[in-house]
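Chain nomenclature is as follows: A, B, C, D, E and F, assigned in order of appearance, with residue numbering initiated at 1 for each chain independently.
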């Protein structure tokens, strides 16, 4: 099982490549520019990963997207939760 | 219409992702300080520079809003936002700071043509 | 657990080093150890001792050096990526006939093998880029 | 199947655009020199690293092909290419260097899972 | 009239933004990563700009795309032609 | 015609400086003049005198310096972008209490105003980024 970290927007080629690489039991964390995924609830990865995809809170807040993520009822994690995910997953791949 | 010799600074990058936004705004402020008429056009992710709710980022990453607020003091009062970009990001106009003016996508080429000088960030 | 961090973005141009640093502090606060940080690609710019950001912005080099001082975290910089991008230590500067240098301890120039060793030794390798 | 403790180096950036490709290949070569089993996966623009007809770029930009040719000498003989990427770039398999092996898109997650270590460039 | 220079791939956000900004009499030059447009004859900008869009030869050659551009009958320019375009167009905008 | 060039990519990390340099030589061969080159954003790394790429790669700094020597092209580097990224001249190094420096003539640190003046003075401003 792999933890995928995406740092680029959902319409980037990094995102497309990640989506190809996500396995059935993998988890996804959206950080930095990937926080803009909060704006797009129709993004395929939301469906593809269901309960195994999260936005990093601090990157939402700094970009003014925290309210939108909450309105869209999207799952978020604090930095401590990010660390907890890396504890669970032996392998981590960052897509940038 | 843009005044003669006006500079259009195009902003296409979001806060915190890189230094493009900050360095683009710096160019706009310096041009205005030199007395050049300046207008700004926000496209794509650059529109996020105008989101009302932004704050500073990870430690040491400065917030952008104070710079946006400063624009008016430098007589930069035209902040154009490409409407299609706003829509494709699912953002509403009222999530943006005051002073942003929507422009239809088909008016964008005209805006570029009106300006004698363009800098694209 | 033992963590290795791979940092491949330059300060101010990429948010990667900021994220990495914040992640590093969160790691430590949860009781983990950091085996080492490896700077590669544009990440080598984190080591520049000539970095002089405005006073209201974080000096990333100093923030990494502090992490080294307080938690003995090893800071390795890929030498090939560094030389190409204008970063060199005092001894490299001598070898290249330069009067100046901009990489000093706690940052160490080293080969790519160090990255692979870090990946072998650490329980986790997390990339910031 | 990948051997135990194998490293997968994922290449996603094209020649000449940045140094990602070169520095990714360097990591693969060094790992192999250290005796680690290494496989490569080419995705998206990274597939262009395998185009037969490439040459050196603007003055001082080194060509990538000599490095690709070197991989075999280091016993890196698995060069996987994601089929969908190839198709979406309208490239045919015979435009690639010898030694590239197509892999169906749905096999990509499995390839990642087989490898103990992954580096993504 | 403006000369637009694109340095990123046709599926990049830089390309999308440029396409929005192209006026009726503007011209487009594709350099660096934009040379990959040679692979995609269905890219909308080829239609949008018709006889006013060019690929830079040297960037095609270095990427191994010169043969493909020729097969696809796409218009190319040498570096001298790039300079000539900038002579004709008072304004140049680079999209990256 | 008088041309100004704006370079915003770093050597080796971006193809922009390579393209700019090749364009500059094509300009000159067609009888144009280059009023100046302005280095901004990551382009400031072009000025680094500590750059030491492998011998079979072009040293971009030297290639720009040669353009200055042979054609008197002014090479201006944005000082704010430079300091943040670890590039400083001897006098800036003194001001910041540093022993080393990595920007030297023909490269000059200057304000952003110089870019706007270049845009005003030149018949054409071409951006490489």
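Some points to look at:
Following the convention adopted for this analysis, a contact is a pair of C-beta atoms (placed from the backbone, for glycine too) under 8 Å apart; a residue touches a chain by one contact, two chains touch by 3 or more.
Chain labels with UniProt names: A, E = Sulfurtransferase complex subunit TusB; B, D = Multidrug transporter; C, F = Sulfurtransferase.
Since the structure is predicted, the reported quantities are computational estimates derived from the model, not experimental observations.
Greatest centre-to-centre distance from chain E is found for C, with centres as Cα means. Over half of the residue numbers at the interface between copies chain C and chain F are found on both sides, making the touching surfaces mostly the same. With every chain reduced to the mean of its CA atoms, the largest distance from chain F is reached by A.
Taking each chain's centre as the mean of its C-alpha atoms, chain A lies 26 Å from chain D. Between chain C and chain E, the centres computed from C-alpha atoms are 38 Å apart.
In terms of their C-alpha centroids, the spacing between chain B and chain C amounts to 34 Å.
Counting partner chains per residue, chain B has residues 16-17, 19, 45, 57-58, 61, 117, 120 touching two or more of them.
Residues of chain C in contact with two or more other chains: 12-13, 15, 19, 22, 41, 57, 80, 84, 125, 127.
Annotation for chain E: residues 9, 13, 32-33, 58-59, 93-94, 96 touch two or more other chains. Partner chain B is touched in their complex by these residues of chain A: 9, 32-33, 36, 39-41, 58-59, 61-68. Taken in their complex, chain C has these residues touching chain F: 10-13, 41-42, 45, 48-54, 57, 80, 83-88, 92-93, 96, 98-102. Interface of chain C with chain B (complex): residues 12-15, 18-19, 21-22, 56-60, 63. Taken together, the chain B residues at the contact with chain A in this complex read 14-17, 45, 48, 51-58, 61, 63, 89-91, 95.
Interface residues of chain A facing chain C in the complex, by the touch rule stated above, are 5, 7, 31-33, 58-59, 79-80, 82-84, 86-87, 90, 92-94, 96.
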